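Each of the next two complexes has subunit A plus one other chain: subunit B in the first, subunit C in the second.
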Partner chain A sequence: MPVKTTATGKPLDAATLRELRAIVGAEHVRHADGDVTPYARDATPLFRARPGAVVHPASTEEVAAVLKLAAARGVPVVPRGAGSNLCSATVPLEGGIVLVLTRLDRVLEISAEELLAVCQPGVTSAALADAAAAHGLLYAPDPGSRSVATIGGTVATCAGGLRGLKYGVTRNYVLGLEAVLGTGEVVRTGGRLWKDVAGYDLTRLLTGSEGTLGVITEVTLALLPAPESAGNGLAYFPTLADAGRAVTRVIAAGIVPATLEFLDARCVDAVERHARLGLRSDAGALLIFGDDGEPAAVAHRLDRMAGLCRDTGAIEVSVAGHAAESEALLAARRCTLPALSRLGTITILEDVGVPRPRIAEMVGHIEDIAERHDVTIATFGHAGDGNLHPTCVIDKGDDEAAERAHRAFGEIFRTAMRLGGTITGEHGVGAAKLPYLTERLGAAQVELQRRIKAAFDPAGILNPGKAGS
Partner chain B sequence: MTGFTPDLLNRCIACGFCLPACPTYALTKDETSSPRGRIDLMRALDEGTLPLDDPRVREEASFCLGCRACETVCPAGVRYGDLLEEWRDQQWQGSGRPLVARLLMILVDARWRVRLLGLPRRHARTRGGPQGPSLMLGCFERALFPRVSRAARRLFPELAAPAAQGCCGALHAHNGDSARGRRMAEELGRRLPGTIVTTSGGCAAHLSSVLGRDRVKELSQYAYERDGLDGTAGEEPSRPATRTPPGGDPGEAADRPRIALQDSCHLRNGLGVWREPRAVLERIGTYVELPSAGACCGAAGTYALVRPRDSRRVLDAKLDEIEAAGVDYVAVVNPGCYRQLDQGLRRRRSRARAVHLAELLAGERPRRRER
Partner chain C sequence: MPVKTTATGKPLDAATLRELRAIVGAEHVRHADGDVTPYARDATPLFRARPGAVVHPASTEEVAAVLKLAAARGVPVVPRGAGSNLCSATVPLEGGIVLVLTRLDRVLEISAEELLAVCQPGVTSAALADAAAAHGLLYAPDPGSRSVATIGGTVATCAGGLRGLKYGVTRNYVLGLEAVLGTGEVVRTGGRLWKDVAGYDLTRLLTGSEGTLGVITEVTLALLPAPESAGNGLAYFPTLADAGRAVTRVIAAGIVPATLEFLDARCVDAVERHARLGLRSDAGALLIFGDDGEPAAVAHRLDRMAGLCRDTGAIEVSVAGHAAESEALLAARRCTLPALSRLGTITILEDVGVPRPRIAEMVGHIEDIAERHDVTIATFGHAGDGNLHPTCVIDKGDDEAAERAHRAFGEIFRTAMRLGGTITGEHGVGAAKLPYLTERLGAAQVELQRRIKAAFDPAGILNPGKAGS
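== the complex of A and B ==
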């Protein structure tokens, strides 16, 4: 599986560039080699393709004008936020325009009465959460890349995160969207209401559509009252499968905590080398459990989870002493993937999901598969919601190892599907998972998705080569 | 041809965690002006897909402040500062180097010229070779802010300050001549054989990278360890290193000055020294943490001279913060930051004054400006 570099490089013609400059201003259209090189990739390894131009619009009107022009000229358009996605959703496989939404970076409204926020797509997830927190409110979706990722990007990929079990994922919080379709038409879907069944749920359809149906230009998000307190604990286990069994016990006992994250020994070691929190890496696995809410209830649930971990064979269990310690622990956990790169130069991260009771079983399969294909796979994940991130670390230029990793992952995807799971829990399809999509959805559904895409984007200019193409 | 160490370049996996830490990304929201984007440009140079004379490659090599804030948030442990030095070593050869940087480098390259710089001003100096720890006088600091070395000597009379010492070479290392920068640091290490105490965070980081960390102490670090604030000092210092301000009785707590700090980027991001200056300042005033205390002020070595407009754009948000915080002093631990904040605050006729931490510790309280 060598680097997938697509031979694009077809420059946009002079007339198109001139019109783009007239729409957004000359300094916001870049097309020279040096300008566009960093836009050939996002955070996904192995996928690269240079765009013909990078355009930074500053308003919905500008986005609409760019799309109208692109549709008329048949130029591909790939919307992009911060480019932190992990499925090559923003790699311009067929060249054209990368449309960067980072200049649209204002929080327009935080309403404590209505418990909602309205913002532009270029606001980072962390900035929105901070703005909500300043009003005593919580924006629940908590992807690992929250400090980088933009709201537009997290909606377009339906980002998950560390709080999925108790709070759900991005789609559970999107109340309304403004989006520009492939025709240049502007639509406003949903609105400010929790209850609103007027027409098809296009808000949900656009959420997770990875820039293939429309360009999101404004987002209305549901907020919650911020929990009074939060706490986390640590449990070390002999193996990751043991930690998986503890997770099943916790949920079976009727506890739905905010956090249940597990990491195998390799991940713990990498995180420790980055964050230096004093984590022990001599155990086979680490489980981070945590909850939020009213202080006494949090303490009670932490206590019960600690007990269940001990009953399931934990080697050591402890509860974080104070909030800062707790937050440091989660911050370190969010860095697991990049920290793993200390083990090799290319980290191929995967994102399978299985029904919760089958986590321990899936972990066992991953270990078997890694051994059979002779690759190093470190696994971490959101154990509470069955979302696992087996990560293969190889060295740059070792094409043979890359090929083995590719085969191992094919087998891991099929195993997850056999257990009733999925090929991607929260990262998305992009180009990376497209080859497996038909296996997951069936031919009829893939065909239906194509027809849906054609309705939103008749010229086929939005993110071609990805889902729906 | 490639001047990049493969291991340094390969470390980046493009996760993008560096983007929110980068001041130039904050200004532009453009990936190409971010650490991750610049590493892509370096890779393209390395692979030969972009030439050194590509206009954007040239622009980004200079637009980067070199503050290394990206390193502290990088989970993969990319040594961006080292990569930038390697990049500029190639990019800023001969006429590729900004003219101002070239002139300054020539100026400090010979010891006699550095000494000449200090002649008109009365910086601290002692006779004879150093016995114990010595005070580094710096190149431009001795000319621009001679009072800083005098304050440091008043605080710590044990420090020798021979005038016959050169520049540490940080200027060279950051402006495309890292080999000469190393040699200058080694030379200074021979001239000042014991512990070298410096009032410049940037010099501390460069010297440490060449001579090793045990040889070099930035002034707040020295004060912190000497006064036992780190909890390790066994013996009491002969006298308190931090003097009570003139006319200050212990009863004047109500009138304690409000002091903020501007971290030195390389001290904080390169050496991880940020607790120390705060701890020593807390003892002499009410310490106020600015939201952007740890972010670059835009001085960034020669940056303020090479790119004055961008330098001011970076500074402006910080000046707003300082005004809003209502502080009396902004303590600095690096001469570049000193010049930058002093000029910025003067331009705004701000009530707050920029003062070196050594001056504050020595009990100096420059008068507040009247509005």
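== the complex of A and C ==
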């Protein structure tokens, strides 16, 4: 489909702007075209909508006051961090206020004794991980966008990353939240404890709610002791099905490794053209495996995984001998998206999930679907947890190609569901996946979500047109 | 307080009973005194309420039909598994139907390839763990009641157990649920995937909702490869504060062990009188530490933990040389509750949480409070995750002692909150903790929970008088 620009973003009235300025300070309310246009989109191509104003609050109290005002006036509010969202969850479809939380950027506490961090939502995922690392601790979730993505955004989307199978996703690390409801009320859910069952699990409900239930203003996150060592290996296979069989054997051997990433042949080719890493061009798939922990145990598991890859018909297997070499092996995975992006001017990075044993089958279907719709789709992803990123590159202005890609992805989502999978593993629903949500969840559950949304946000001001709508 | 018996449990009318019989079969609807009296209570002392009928459905369809009928008639429904609940969450405070799910007792699937299990809610936690173990897999949550507690009940309470710090609690393992809402509608949340962010996280919201939002009819659970080996050690300390310092040093050393259990001196004394395990009588606290994983790594971590205990002033430290000895070390922990129970006729097993570094301080407060209220309270618990079980034993019919214990526990809950902790770590809110919930969560959040409850159960039939009420 062509770029979807909604026309609603009419300017806010003067009285509302005046009150917003009184709450956050005049310099933190912008409504001129040049100031608000960058907030008409996020990292999702094809969706745009101009906000009426962009507001930068600096405290929970300011967020609460903005939401009270917005609820009273019926003005939509779209919370936003870095705008690296990939499902247009932060595009202000119905105009109103984009509430940018990047001024709330302090790490409030790192406790090595309690293995936790407390931070504001505007801290980047990488900054939080670095602050933890300085105390010898690991913040396990590692979304690809970690250098820019804010913690608030990663919590709001329940971001995943490369270590999902062994370490879980963001929800597994959120211990407590402070959030402002659509009413302007402030709630504190959970706390500092691993075990706490006092009341419904609103911590996890807010996690992944994509700004439709509340605005997250403080986050308490579980940390782990940093692993002593980490290592990676790499295996080329004749086909993706062979790589899938190797993954099955690794799991069957009782190994749950930190890293199990795959690239299909198109991705390997694009990476090699882009980065000249010396990757083989004759393989059907590349599998990167890795683990962390005590050095001897890591070495043992890497050897076992390498052996299992060889036993499953790998063309070539190598295990990094030292840390720098290990990092180099990950480079292929890390530059997959930039490499694919160079093939066109618009990159549609998608996100589906299937049960792990069906990955190769799913990629086969993706290839068929792409061919039938005359688009090129390359697929890479997380073989450990079945999360695939089929990626289509088209040219700006080629509306027909955009429309063909749109139809191809519709088929891909339905195929993932048919294989027992899901329409989004880690990016979220946003506006992009909303048309498929009823098919995934059923009408009764979608209705239930609407009622839950109304419980948090009776005026319906929080991120309208997304989940819960 | 004396036994709280509510008087509401009036018989259901003849028409309702007739319809219930038509749904589940006449032999699965009971309403005679002798049949329903056992369902007037669960494992929580001091709370009783007679249900109008006890219904044993055998399928999701039957559960849905019962709930539709109950919603139409305004009849309360209290879902129940084994009744091992410890916060009176399954006591039918307002009468109506106790819906017993133990006929839904099939393990539907164990997949070593996908590392998951699918089962009905009436399977016991131990049976599920055994079924997983037969495939070389671990179901990690291990509540103390696992031999009788049903999976449905452990999901409904988000049960914890002895391995919380390393392995997390039940919510970390629930991948998907089928549940019947208070409307009789059936929803399927989540699925078979580790990463799935399609829609609000209703899987986690239902987990721990204590039968107030829906009746769980099928559960998909994540499994892990069974660890190759496990071992335990034991350390006596002069005081509980010394044991607490040892725990802090273990964590600071980057070790997150599977087991870190403590017993205070009263518990050690009761266990020794009961079981004659040869425990020392001159220590202020006993710490049991243990871990699992690759044999060499486990041995290394046990040695390090033993050394850290010695460095922190332990009177005596021992590490089990083999599996049988290791199991014997856990015997002291396992028989703590039965040992304490022998000291009276009613055992009030409580459940609070505090940040790990404040455990010793909390136990000191518990001792002061017990002394002030003239009751004996012994405390044991999970030092790794700060979850404490202060336990008071009184005699049946001693209403004054019950009242003193009630007041003492009120103070204990408030003290836990003051130290940054919670009123329940793993048992739940039920009727027993409901009076303290507003103090824990704040009025705005309690109101929000009521609105969420109404979204799932607009007729208010599901477990009334508990969370969400």
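In the analysis below, the second predicted complex is superposed on the first by the 447 of 469 C-alpha atoms of A that agree within 3 Å, B and C clash if a C-alpha of one lies under 4 Å from a C-alpha of the other, contacts with A are read in each partner's own complex, and residues count from 1 in each chain.
As a working rule, a contact is a pair of C-beta atoms (placed from the backbone, for glycine too) under 8 Å apart; a residue touches a chain by one contact, two chains touch by 3 or more.
What you are looking at is a predicted structure, and each value in this text was computed from that prediction instead of being measured.
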| item | value |
| --- | --- |
| Superposition on subunit A - do subunit B and subunit C clash or fit | fit |
| Which superposed partner A:322 touches (first subunit B, second subunit C, both, neither) | neither |
| Greater residue coverage of subunit A in the superposed arrangement, subunit B or subunit C | C |
| Which of subunit B and subunit C A:252 touches, first, second, both or neither | second |
| Contacts of A:347 with subunit B and subunit C, given as first, second, both or neither | first |
| Partner chain in contact with A:194 - subunit B first, subunit C second, else both or neither | second |
| Subunit B versus subunit C as contact partner of A:39, first or second or both or neither | first |
| Partner chain in contact with A:337 - subunit B first, subunit C second, else both or neither | first |
| Contacts of A:100 with subunit B and subunit C, given as first, second, both or neither | first |
| Nearest-approach distance, in Å, of subunit C Cα atoms to those of subunit B in the combined model | 20 |
| Complex contacts: residues of subunit B adjacent to subunit A | 10-11, 13-17, 19-20, 29-32, 34, 36-38, 40-41, 44, 49-50, 54-57, 59-60, 73-77 |
| Residue numbers on subunit A that touch subunit B, as the complex places them | 30, 32-35, 37-43, 45, 56, 82-84, 100, 102-103, 105, 122, 124, 126, 145, 147-148, 273-274, 335, 337-339, 341-342, 345-347, 396 |
| For the subunit C and subunit A complex, residues of the former touching the latter | 112-115, 136, 157-158, 160, 164-165, 168-169, 171-172, 181, 185-189, 191-202, 204-205, 207-209, 213, 224-226, 228, 248, 251-252, 254-256, 293-294, 296-297, 300, 353-357, 382, 385-387, 420-429, 433, 437, 440-442, 444-446, 448-449, 451-452, 454-456, 467-468 |
